[in-house]
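Pasting the structures here.
Presented sequentially are two complexes of chain A, the first with chain B as partner and the second with chain C.
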Partner chain A sequence: MKRKSKQKKQQGNLFPCSLEDVKTALSQSMNDNPDFYAKFIDISDQQRIGFYYISSITDDKVLYNQIVSTLMEAKKYLDYKSIDNMIPLPEPTKEKKVDKIDDHLLQGAVCIYIENETSCVNYFIPRQEKRPPEAPETESLIFGPQVAFTGSIETNVNIVRNMVDSKQLKIEKFLVGEKIPTEVQMVYLDDLANDDVINEFRNRLTGLEVEDILNSSTLSQKIEDNPYSIFPQLLVTELPDRFTYSLKEGKIGVLVDNSHTSIIGPITFTSFFESTEDLYSRWTIGAFIRLMRIMAMVLSISMTPLYVAALTYHYEVIPEALLLALGESRSRVPFPPLFETLLLETLMEFIREAGARLPTKVGQTMGIVGGIVVGQAVVQAGFTSNILIILVALSALASFTTPSYLMGSALRIVRFSIILISGVFGFVGFFFAMAFILIHLLRLRSLELPYTAPFYPFQYKDLDESLIRLPYVLDRNRAKSNLPKKVGRNASRSQHPIFRTSKKDIDE
Partner chain B sequence: MKHKIKSILLILLTTLLLAGCAEERILEELGIITAYGLDINENGDGLLGSIATYQFSQQRTNENQLIFSTGRTAREVYSNADSKTAKQLVNGQLRAGLFGQELARRGIMPYVDGLMRNPLISDSVYITVTDLPAYDVINATDFEEAPNIGTYIYRLLEHAIVNENVVQSTMHEFVKNFMKVGADPVVPLLTKENDKIIIRGIGLFQDDRLVETVDIFDTFFYRLILDEYERAESRFTFPADDYETDLNNYGQGENNDQLSVSVHQIRSNTDIKLADASDFSFDVDITFEGRITEITLNLDLSDPEILKKLEEDIKEQLEDKVNEILAKTKELNVDPFGIGALYNTHFKKDEQLSATEMRENYPDFQFNVNADVKIMRYGITE
Partner chain C sequence: MKHTVNIPDQLKFRAAYLFFVLYTIMVGVGFVPYPRDVYEVAGQDSWLIVILAGILVHLVMMIIIFCLKSYGNTDLHGILQQTFGRWIGKLIGYLFIIYFFLVYVTILMKYTEFIRTFIFPSIAEWVVAALCSFLVVYCIYGGIRAIIGTSFIFYLLTFWLNFLFFEPATLMDFNNFQPMFDIDSKGVIQGIQITAYTLLGIEVIWMLYPYVHNQKRTMLYSQLGILGVILSLLSGVVISIGYFAPNQLIEQIWPILTIYKIISFPFFERFDIFVVSFWKFIILPNLIFYAWLITRSLKRVNNIKQKHSIWVVVVLSSTFIMFFKSREAINQFVEISAEIGIYFVYVFPFLILPFAIYRRIRGANK
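Coming up: the complex of A and B.
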């Protein structure tokens, strides 16, 4: 009977009541967690004030130095207005309902209650263990800034704000997750990003009905256009410079709390083969490396399947110079080419996975043992041909040139299926698989924009933003396929020294 | 969605079961034929085939395996050979077909046709005839660094064709010239010397029958009429007496009654034009440029008179040789230069000569040969 009335009180209006009542009510809704604290102080004979907070997520220095001790020294009758004048913290929220107070407490607020008042006031003093920004781990750069996003969304927004000092930078805040909400911020440049795309992205984020999200990678998979596809349709990056560069191109970024990575959209297939490295190095190098990555991607998914198909069905296409070398190294192998290749590719994946799961120091040893010792032994034992070892190693290397780890892994998985189909149907199967992948890519969309732009739909002027990289003098437009509000970059050609005609001669 | 996935799986499964049984040809289980020779067998009633295949092994250096078999048809030869080896014989990597002289004189088109119809065989397979029986030639054991006799023949001919020593002789060319009205095939003639295959010259065909072989020196002039030269080399010899007054006093030994000149970097072009259709007369204009690299007697080439005389002599010899060759083709009634086809291009379809009419009329063709010889340089010391 007693409990029932209490519950009734909780749902309805608890206040006014005693400090102890508040404590029991809150403690109960906190499931009697040990890190829930309450502190009561007497200001005067008539007045008692209670502080309620969760110690593990509130900043106790601020709490004691700026709130509790200030009020203890007040020595006068207090109301919420005078409290607000005494405490130098921004934006207190007044609350009357217990379940609302719970939410605030869980986000790092302290709840101050003057006994027998009809409401309480909350100040946010969250404590977050912040790590300083560290060097990027999965997307390392040679030239670029050695900074990666951290786990704290505040630090990340701080980094982004510092890199884009513009009034146009617009941040929208959402809470995603019904059971365990996570803070998500959508960032874009208001004068560039396309409104339809912004709306699309916003709808995806707000319309998401999930209990919780783990981090940005899982969020991106939950809002992608085609969740069944093997290819990622949103770019997940840990590089703030890549993030801000994309914003400046008119794309939209999403930062997720407690997540070391951010999401960028809309993107195209070629985005995964671009790196900010290309922009930092000179244009010749950048352009070369970009083309090389694309070539590596094609080689990576085609070399071993072609080997399997040619050796199983199409001996007549093997060039005369290779025929002997292939035949000799194959003559000792007891397996058919398909099995041989799958064996070696799987071994390669084992080595990669083992190296990735183990601590760095052991992981390196793993690579050496796997790569050199096993590779050598496998050939000597006559399990595989040495030419296949070269091909498998080459295609593995080629797949690691892809700057995005997600895309690199996707390509490796795709390769397995192409190998299988090539082993069963030969070249017919190979080209069928290639056509299938191509059709699939053509049908994919990223935030309702075509995935294969600028190749299809073809945009000649966008090629310099994807496949090649032009010197900056010639790079005067943003990629049109992002549909930015403004395509031109506002850079007059004459500003470059070489276009100044009134230049003086050196001997003048 | 579930229905869709099910139907996709069903389609995949049926394709796999219906079409999945493609014939596997795993490389190391194949006897890959690189060259094959055909002869008439001892009894004279069938064929004797000699087939050279790859043999993959890490221990051996000799990657050649020869299989001999007989049969009435080329296909029978092939299937009989298949029973003589544990490997599956395949001919997708065939490089050269060798036909023994005796067989070639009877006609080789049935066998070439068989190769032509096989989609796995490339059109650029070399068709050759051999001086000795083909099985003897293919049995040569010295094939330089090539892994295989077929590969060796391929490299040998490739080299000779690039160097403009012999005529182009792929199966495509052969069949093209065979089919064309007013043209006959020409193929390289191979022989064995010191256990090694060499090129001896060319073989002239009438339709698909070998009628005459030409040695390597005369091959130069055949090719001169047939095609243009970019970088060829040749030698001309004259009696030394003609130059007696111009000779300087070195290199004059006993046997110097002959003056030989080597000309290289020859650029030539032969232009055959129909002069008069009524009596089948043609103008054969040859432009010939070259550099003298070697001369057996000491001539003062810087003297324009002597150089002119030399040019005149070369021109004369060139014209003689070309006339001689053209006369010979008339006598044999073979048309390796495609002059008949050239004649036909001047007429409409219904007025053109048919293959038999062409054969009848070819001996009546008349040629007016005219050469223009120019010696460009004669060495750097003047």
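Coming up: the complex of A and C.
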């Protein structure tokens, strides 16, 4: 009976009680953590005030200078209203139950309790070690702002707000994760983003039932349309300009606390081959680079499989002059083409992975040792042919032209499977694999919108947002495929000098 | 079974895609041997046959769409059961399903033969069938949007094969077309018959019609699709006649592929090998559409889930093709199913036509 009442007290209304009781209750629910602190001060003979906080996540400067010292100098009878008048911090939250308080404390609040009152107040003074925004590392740009998202969601929102000074910028806040909640903010432009898509994204975030999330990449994998697919269906980027550009296109962005990357959706397959670089460069260069990347993607997944298929089954398709060179370089190789290619591709993956895992200084050495020394030795030892080295190196290079690292890695996995099936069924297998990839892409969706968007369902006006890039004079519409509320960009073409002229003929 | 078909809006597609649907379902394995087959009966006037047969197909298409429009928002099986009553309607529906299955098997068989002749002489039938069936099942599971998308994307990816005709076209000898109009009525009828076999596929509109978003434009785009097919067929025939010497063409089993043989690039010789493998992209929409027709019909007639019936289709067809080993047996089977096809595709619409007209008149009187 006694025990039951104690339990009830812990769960529910402890107040009014002494400061020590609150301390024991909170300390118990904090599992007696050493960084939980309580400080009591006497204001007058009748009045004592207690401060409860977790020292590691509260800003002690603010706590001592703005709160504790102010109240110590008060020298008069205090209630919560007069406290609020004295402390220059935003409106506190009032709590009447003890078990609600620890949630606030974990988010960096200080709890102030006047002894024998029926409630307490919580001021949020979180402390977070922030790093200033740095230059992007995984998605580097030549032009463009040399800034990447940081680990702190406040800084990230700050960057986004500074880049998009608009009343229409709308931010929705969620807590994702039942055991360890993480703050997630959904950002979009209210007058552009489609309501159905917003709802879909919101439902995915709020309906997610997980214990915790690690960062934005894991979150994006948990809310994707098809989690089994090899291709990512949400774009993960560390570039704030990419993020804000997508918002201006009517897409939706998601920022996650403690992660250096943001999520963008809905996206299409070609989104992964776009970069803000194309927008900063002049249109000829931008369009050229974009087409280059698509071509590189196709070559990267088809070159080595075609080599395997041709050398295993279809010698006759290789022209005579080339066949001689190939035969010469392959004359010492004891392995079938499939094995030879897999060997070299695996070696390439080893070098890449080693380079990525090692510290930067050692990584470069590793690349040289792996690439030049081992590559040379492999050919001299007669393990592979020279021509294959060229092809493997080219396709590896081509796969790195993809601006999104996620997509680049996906393409490399795809290449391995195409090599395997081409080695078994030759060209027939190669086209089987290609057809499978195409059908798979056609079936994929991103936030319920088609993944292959400007091509199927076909929107020829959207091609300049995906496959090519037009000069800005001609580019007057947003991509229709992500269903923005407003398609036109409101830019009047007639104001441009080349359209303003009243000349009727040349030299008039 | 409900007579009218109500398709949810998000599953419907724009009528313009009918162009690609008809193009991809009509162009198939039959195109490759066609110039020789028609040359055998019609000689140098084969191009005339293509045009005549083309007009016939256009006409049949017109009748089909007229019937569909007069019956309102329904498909083949809805029409059958409305006109002939429940049981006879169902029976004819089953006959159609058997016909669709025969065509499916034919395509698979022809493709297997194709690969055996050019690439892998000893590959087992079931391997080819498995490679095709896997993709068919995967695509059918994606639903109508994936199916239409496959046809559209694969059309775009295979369209450039037409440009490869430029080089052979420059090598044509126009004397091969002389003397013109030297053909008797028997040759014309036989020729049209052969062309009609090749142009099977327009029956897909019977089932796809309720899925079209802007149904008013069905006529325009399906006729355009047929026109596209006729034009490529015509170019194939004209180039074959002009390119080969008269006696040479008769000896070619697959004249179109032989034409591709002369195309080569500095990094790629023997383009025909490439084309044979690449033919998968042309064959796949065929298979997918017929598999869809079978499963969709079964769903309409007997309310069997498409998810389940598609497996039956691929397993049955894969075992079926194992019984036909020799080229003679395959040819015989193909000929029989093509002959059946004539009745289902070209005769059947004329059978429905009077009922459709009656319906229109009755509707007008009301």
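Everything that follows uses one rule, which is that the second predicted complex is superposed on the first by the 495 of 508 C-alpha atoms of A that agree within 3 Å, B and C clash if a C-alpha of one lies under 4 Å from a C-alpha of the other, contacts with A are read in each partner's own complex, and residues count from 1 in each chain.
The working rule: contacts are C-beta pairs under 8 Å (C-beta built on N, C-alpha and C of every residue); 3 or more make two chains touch, one makes a residue touch a chain.
Since this is a predicted model, take the numbers as computed values, not measurements.
Q: Could you look at A:Thr312 and tell me whether it touches chain B, chain C, both or neither (first, second, both, neither)?
A: first
Q: Thinking of the overlay built on chain A, is A:Ser331 touched by chain B (first), by chain C (second), by both, or by neither?
A: Touch status of A:Ser331: first partner only.
Q: Looking at the overlay, does A:Glu129 come into contact with chain B only (first), chain C only (second), both, or neither?
A: neither
Q: Could you tell me if A:Glu137 is touching chain B, chain C, both of them or neither one (first, second, both, neither)?
A: neither
Q: In the superposed arrangement, does A:Phe425 touch chain B (first), chain C (second), both or neither?
A: Touch status of A:Phe425: both partners.
Q: Looking at the overlay, what does A:Glu73 touch: chain B (first), chain C (second), both, or neither?
A: Neither partner.
Q: Which touches a greater number of chain A residues, chain B or chain C?
A: Looking at chain A, the partner in contact with more of its residues is C.
Q: If we overlay the two complexes on their shared chain A, which of chain B and chain C does A:Glu91 touch? Say first, second, both or neither.
A: Neither chain B nor chain C is touched by A:Glu91.
Q: Do chain B and chain C touch any of the same residues on chain A, and if so, which?
A: Residues 313-314, 316, 318, 320, 425-426 of chain A touch both chain B and chain C.
Q: So in the complex, which bits of chain C are touching chain A?
A: Interface residues on the chain C side: 13-14, 115, 119-120, 128, 131, 134-135, 138-139, 141-142, 145-146, 149-150, 152-154, 156-157, 264-270, 273-274, 276-278, 280-281, 284.
Q: If we count contacts the way the header does, which residues on chain A are in touch with chain C in the complex?
A: 313-314, 316-320, 322, 425-432, 434-436, 438-440, 442-443, 450, 452, 455-458
Q: List the residues on chain A that touch chain B in their complex, please.
A: 311-316, 318, 320, 323-324, 326-333, 336-337, 424-426
Q: Contact residues on chain B for chain A in the complex?
A: 16, 19-20, 22-28, 30, 32, 54, 56-58, 63, 90, 92-93, 95, 120, 122, 147-148, 151, 154
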